[in-house]
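Got some structures for you, see below.
Look for chain A in each of the two complexes below; its partner is chain B in the first and chain C in the second.
Moving on, here comes the complex of A and B:
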C-alpha cells in the first residue's frame, strides 16, 4: 500500500507531473522575461505561460473537417505522457526514482516519441501548413540526433571505463561514476561534448533560432496550425516541460553525482541550474539570433555541433 | 505397444516440408476445378506445416534436443555421412518458426488480396513451392540440399515477382532478379563445389568438423563465394537494387515472402557459414568484413529509401536496411550480438510483413502506390491507417513496440563490443545504427504524411476500406509487433537464448549428427555457454504502466479542471455542413489542393545531401548489366580480401 502511494506521489507530484509542470512553466516565463529585458522590452509577467495554458483550457476545441479525430486528440496527451515518463527516469541528483530501470537510449527514444506525437498530431490535422511544419520538425530531429548520440556515447564510455563491459548506458551508473570521480563537465576532454549538448538543448525543444517547425511568421505555427483549446494548451505545456527535462538531462549527464543529502534541497539546486541553463542555451540565442533556415540548421548540427561531440568521443576513446 | 512420441517427433521436420510441397502439387491438380477446394488444400498444407513446426518448440527450443532425420535411413558410417539429412537445432527451428508464421499469414492474406487475379492455380503452386523450399533450406543438414532449395526459392520467387505481368516493370523486375539472383546462386554453387573437392562430403556437420583444422587457400576462396552467394539472397549491398525492383512490382503477399522470409535465408546461411562451418567469427577480419557489409547495407539503403516515391520500393529499401542491422550485429561475434540479431530478424519479418500488407491494402483499394499522388486516406481507410502506424512505429524503433526492444539490444551489443575491444570502428557502427534508426523514422513519417494524412486527392474520393479478411492477417502481425515489445525477457528466454547458444555451439551441432566425440576427434574445443550481459536497463511493462498512469493522470486532471464551456466540436456535431470554422487554415486564401508530395518532404535534409543523392541516383542506374557488374565486383573484392586477410 505504501509502495502504491509512493508511486502515485512520484507520478503525480515529484518528480512527475506537478513538479515538471510548475518548473517548466516557470522556466518558460523566465525565458520570455529575460529575452524581453535583453531586447529592452518590459515583457510579459512571469506567470504568463500559466495564464496562456489556463486560457487555452477554457476554449472550444475545433476539429477541422480534414482531421482524423482520434489521433488529433490523442497525440498531445500521448506526447505529454511520454515526456513526463522520461522525466520520471531522470534522477534529480541523489533522488532517483526509476533511474535503475531505464537508460540513455530509453530517454533518447522517449524524447523521440514526444517529437513523433507532435508530428502525428500535425499530420492528423490535415492542414498543409502542418504538413510543412512536420517535415521541418523531422529535419530538426535528424539534425540534433547525431550530436546527441555522439554525446551519449562519449558520456557512456567515460563513465563505463572501469566497469567489466567498458561502457555503460545506465543513467544511474553515470551518476555514480560522477559521485566518485567528479563531474564530467570538469573533465577537460568532455568540455566539447558539454558544449555540443548545450546546442542540442534548444533544438530539441524547438526554441527560437531553431524553431523552424513552428516558425509562426513563415508557416503559421506549422505543426500547431490547426490546434485550438485544451489540446493546443497541452502542446504548449509539453514545450515548457521539455525545457525542464532537457536541462535536467544535461545536469545528470555533466553535473550529476553532487548531492546535498536533502531531496528538497536537491530539487531546488536542480531548478536553479535549470534556470541558468535556460538563460545560457535558450534566452541568449533567442535574443541574439534570427531564425535559421531549414538547411542551415541541418548543416550547423551535422558539422559544428557533431564535430564538437566527436572530438570528445575520440578523446575519451583515446583514454584522455 | 506404447506409442513413442519422442521418436515420432523426428519425422516432423520432413513432414512439414512435404506438406507444403505436396500442397503445391495437389492444389495444381484439383485447383482448376474449384477455387474452394484449391484454397482448402492450400490452407490445410500451410496449417499442417505450422502445427508441426510449433510442436517442435518444446523439445528443440526448451529441452535443447537436436533432431536428426536421415533420408532413407542412410546414417553415417565410420564417420562419413553419405546420406541426405535434415538437422534441426534451435537456430534452424527459430528460422523455421519465422518461415511458417510468415507463410501462413501471407497465404491467408492472399485468399482475399489475390481474389481479382486470374490463373491463381499457378500462383498458389508457386507460392507453396517457395514456402516449402525456404523451410527446406533452414532445416537442411546438407550443403547441397541447401543449394537445391536456394534454386527452387529463387526461381519461384522470380516467377511470382512477375505474376502480375500486366504491371509496368513487372517483367523487367523479374528479369533483373533472375539474372543477378542466378549470379548469387552460381556463387553458392561454386563455393559448394570447392568445399566438396576438398572435403569429399556435403554434410554440414561433417564439413564443420573438418574445416577449421584444414589449411588450404581453396577453402578461403570457397568462403568468399559462399558469403557473397548467401549475401545476395539477403540482398545485401551491392545486391540491394534488385530487391527494390522486385518488390515494387510483386504482389504484396509475395513482397512479404521476399522481404520477410527469403532474406532470412540469406541471414541463416551467413550465420551457419561463419559460426558453424568455418567457426571463424573470432577473427577480427571476419568481424570487420561482416559488420562492414551490414553497416553499408543499413546506411546506403536507408538513404536510398529517402528518395523513393513508390510506396513498396521504399519499403524494399528499408527491408534491406533492417537486414543490414541483423548482419551488423551478427558480425560482432558476441552472444549478445547474436541474440540481438536473431531478435531483430524475427521482428523484421513481423513489422515489415505488416507494412507490405498495408501497402498491398492501399494498392488494392486505390490502385496506386505513388507517394506523390496519394494522400488523406486515413479517413477512407482508418483500420489500415492504424495498422500502418503500428508497423511504422515498430520499424522506427519507438517504445513499446518490438522494434525498440531489438534495436535497443543492437545498440547495447555494438557499444559493448566497442567497450570490450576498445576499437573505434564499433563506435562508428553504433552511431550508424542510431542514425539509421532516426532516418528510418523520417521516411516513415514521409509515408504516413503522403499516404494516410494530408489532403485527399479527388481521384481517390471513392476509396473503400479493404475487406475484413485482409485486415485479420494484418492484425495478427500487429499483435505480434506489440507482444515481443512488451515481454522481451520472455522472448529472450524461450526463443533467443536457445537459438543463440545453438548458433554458437558448433561442436554440439557436429556431435548431434555424427555421434558424440566426433568434434573432439577433430580438435574442436567443447563449447562453453556464453553469458549475455546488458549494460543498460529496460523494463517495458513498467514503462508502459508509468505511461498509462501518466496518461490517466492527465485525463483526470483535464476532466476535473475542465471548464464547462470547453467543448469539443467537429463537423458532425455542428449545425451546418459548410461552417468555415472547420476548414483548414489557409491564411484567408481560398482553399486549394496543396498537398506536399512525398518526394518534396524533408527538403532541408536532401538539399544538404544533394551530391550524395545525385551520386547514388547515377549509381542505381536500373540497368541489369550494371547490377551484374556490381555483383561480380563484389565476388572479386570478397575473394581478394579473403585470400589476403583470412
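Moving on, here comes the complex of A and C:
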C-alpha cells in the first residue's frame, strides 16, 4: 500500500508532474523576463507562461476539416506524457526514483518521442504551414541527435571505465562515479562535451536562435499552425517543461556529484542550477542572435558541436 | 475555481493577430512599434502570434479592398471564440481618403462586429496601447459571458 502511494507521489508530485510543471513554467517566465531586461524592457510578469497556458484552456478548440481528429488531439497528450516519463528517470542528484541499467537510452528515446509527437500532430493537422514546420523539425532533430548521442557516449565511457562492459548508461552510476571522483565538468577532457551539451539544450527545446520549426514570422508558427485552445496550451506547456528536463539532464551528466544528502535541498540546488543554465544557454542567445536558417543549423551542429563532442569521446576512449 | 483562474488570465495573456486589409503600411509600422522596447506591450502579456488559430485579438488595418475582402472574412472565421476585433486607423472605420474608390469594399463593420476602434492616420502608439488594453478587458468579459451562457 505504501509503495503504491509512494509511486503515485513520485509520478504526480516530486520528480514527476507537479514539480516539473512548476519549475518549467518558472524557467520559461524567467527566460522571458531576462530577455526583456537585456533589451532594456520591463518584460512580462514572471507568471506569464502560466497565464498563457490558462488562457489557452479557456479558448475554443477548432479541429480543421482536413485534420485527422483522433491523432490531432492525441499528439500533444502523448508528447507531454512522454516528457513527464523522461523526467521520472532523471535523478535529482542522489534522489533517484526509477534507476535502471540504461536510463540514458530510455531518456534519449522518450525525448525523441516528444519531438515525434509534435511532427505527428503537425502532419495530422493537414496544413501546408505545418507541413513545412514538420520537415524543419525533422532537420532540427537530425542536427542535435548526433552530438547528443556522442556526449552521452563520452559520459558513459568516462563513468563506466571500471565496469565489465567498459561503458555505463545508468544515470545513477554516473552520479555515484561523480560523487566519488569529482564532477565531470571539471575533468579537462570532458569540457568539450559539456560545451556541446550546452549547444544541444536550446536546439532540443527549440529556443529562439534555433526555432526553425516554429518560425512564426515565416511559416505561421509552423508545426503549431492549426492548433488552438487546450491542445495548443499543452504544446506550450511541453515546451516549458522541456526547458527544465534538459537543464536537469545537464546537471546530472556533468555536475552530478554535488549532492547534499537531503532531497529537498538537492531539488533547490537543481532549480538554481537550471536557472543559471537557462540564462546561459537560452536567454543570452535569444537576446543576441537572430534566427538561423535551416541549413545553417544543420551545418553548425554536424561540424562544430559534433566535433566538440567527438574530441571528448576520443580523449575519453584514449583514457585521458 | 479553475474556471475563475481562466477568467482572470484571459485579460493577462491576449495574443494579437494582425490582418492587413489593403493598408498603406503606416498603421502596421505603428503596431510593430508598440511591441518594441520603447512601448513594450509584452509587459501587459501581449504577443504577436503568427496564426489566427491562436489569436485572441484580431487587429485589422486598411480600408478593406475588394482583393482582401474574401481573405479577411475567411481569416476572421478561423479565430476561435472568445475573440475581439480591433480596427486600427481611420481606413477600416470610414475608408479615409480611399472612400468611394472602385476597389474599396469597406468599412469593416459590414463584415464583422468591431469591438474597439482607434481613429487616426496613423494613430499614435499610445492610442494603440490604450485600445489593446481596452480590447483585453472586453476579451475577459466575453469569456465570462461565454461561460455563463
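We take it that the second predicted complex is superposed on the first by the 318 of 320 C-alpha atoms of A that agree within 3 Å, B and C clash if a C-alpha of one lies under 4 Å from a C-alpha of the other, contacts with A are read in each partner's own complex, and residues count from 1 in each chain.
Everything that follows uses one rule, which is that a contact is a pair of C-beta atoms (placed from the backbone, for glycine too) under 8 Å apart; a residue touches a chain by one contact, two chains touch by 3 or more.
All values derive from a computational prediction rather than experimental measurement.
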(message) A:307 in the overlay: touching chain B, chain C, both, or neither? Say first, second, both or neither.
(response) neither
(message) For A:81 in the superposed arrangement: first (chain B), second (chain C), both or neither?
(response) first
(request) In the overlay, answer first, second, both or neither for which of chain B and chain C A:285 touches. (result) neither
(message) Taking the superposition on A as described, I'd like to know which of chain B and chain C A:232 touches: first, second, both or neither.
(response) second
(request) Please work out whether A:170 is in contact with chain B alone, chain C alone, both, or neither, and reply first, second, both or neither. (result) first
(message) One more residue to check, A:124. First (chain B), second (chain C), both or neither?
(response) first
(message) Per the contact definition in the header, classify A:48: touching chain B only (first), chain C only (second), both, or neither.
(response) second
(message) Of the two partners chain B and chain C, which one touches more residues belonging to chain A?
(response) B
(request) Identify the overlap between the chain B-contacting and the chain C-contacting residues of chain A. (result) 57-62, 129, 220, 225-226, 229
(message) Show me the residue ranges of chain A that touch chain C in the complex, using the header's touch definition.
(response) 32, 36, 39-45, 48, 50-52, 54-62, 129, 216-217, 219-221, 224-229, 232
(request) Provide the residue numbers of chain A that touch chain B in the complex, in ascending order. (result) 7-8, 11-12, 16-17, 57-69, 71, 73, 77-78, 80-82, 84-85, 88, 98, 100-106, 108-110, 112-113, 116, 119-120, 123-129, 131-132, 134-136, 138-139, 141-142, 145-146, 149-150, 153, 156-157, 160, 163-170, 212, 220, 225-226, 229-230, 234, 293-295, 297-299, 302, 313-314, 317
(request) State the interface residues of chain C toward chain A in the complex, per the touch definition above. (result) 2-3, 5-10, 12-14, 37, 40, 42-45, 47-51, 53-54, 56, 78, 80-82, 143
(request) Flag every residue of chain B that touches chain A in the complex, lowest number first. (result) 376, 378-379, 382, 385, 389, 393, 396-399, 404, 408, 411-412, 415-416, 418-420, 422, 424, 427, 430-431, 434-435, 438-439, 441-442, 445-446, 448-449, 452-456, 533, 535-539, 542-543, 546-547, 549-551, 553-555, 557-558, 561-563, 565-571, 581-587, 594-596, 601-605, 607-608
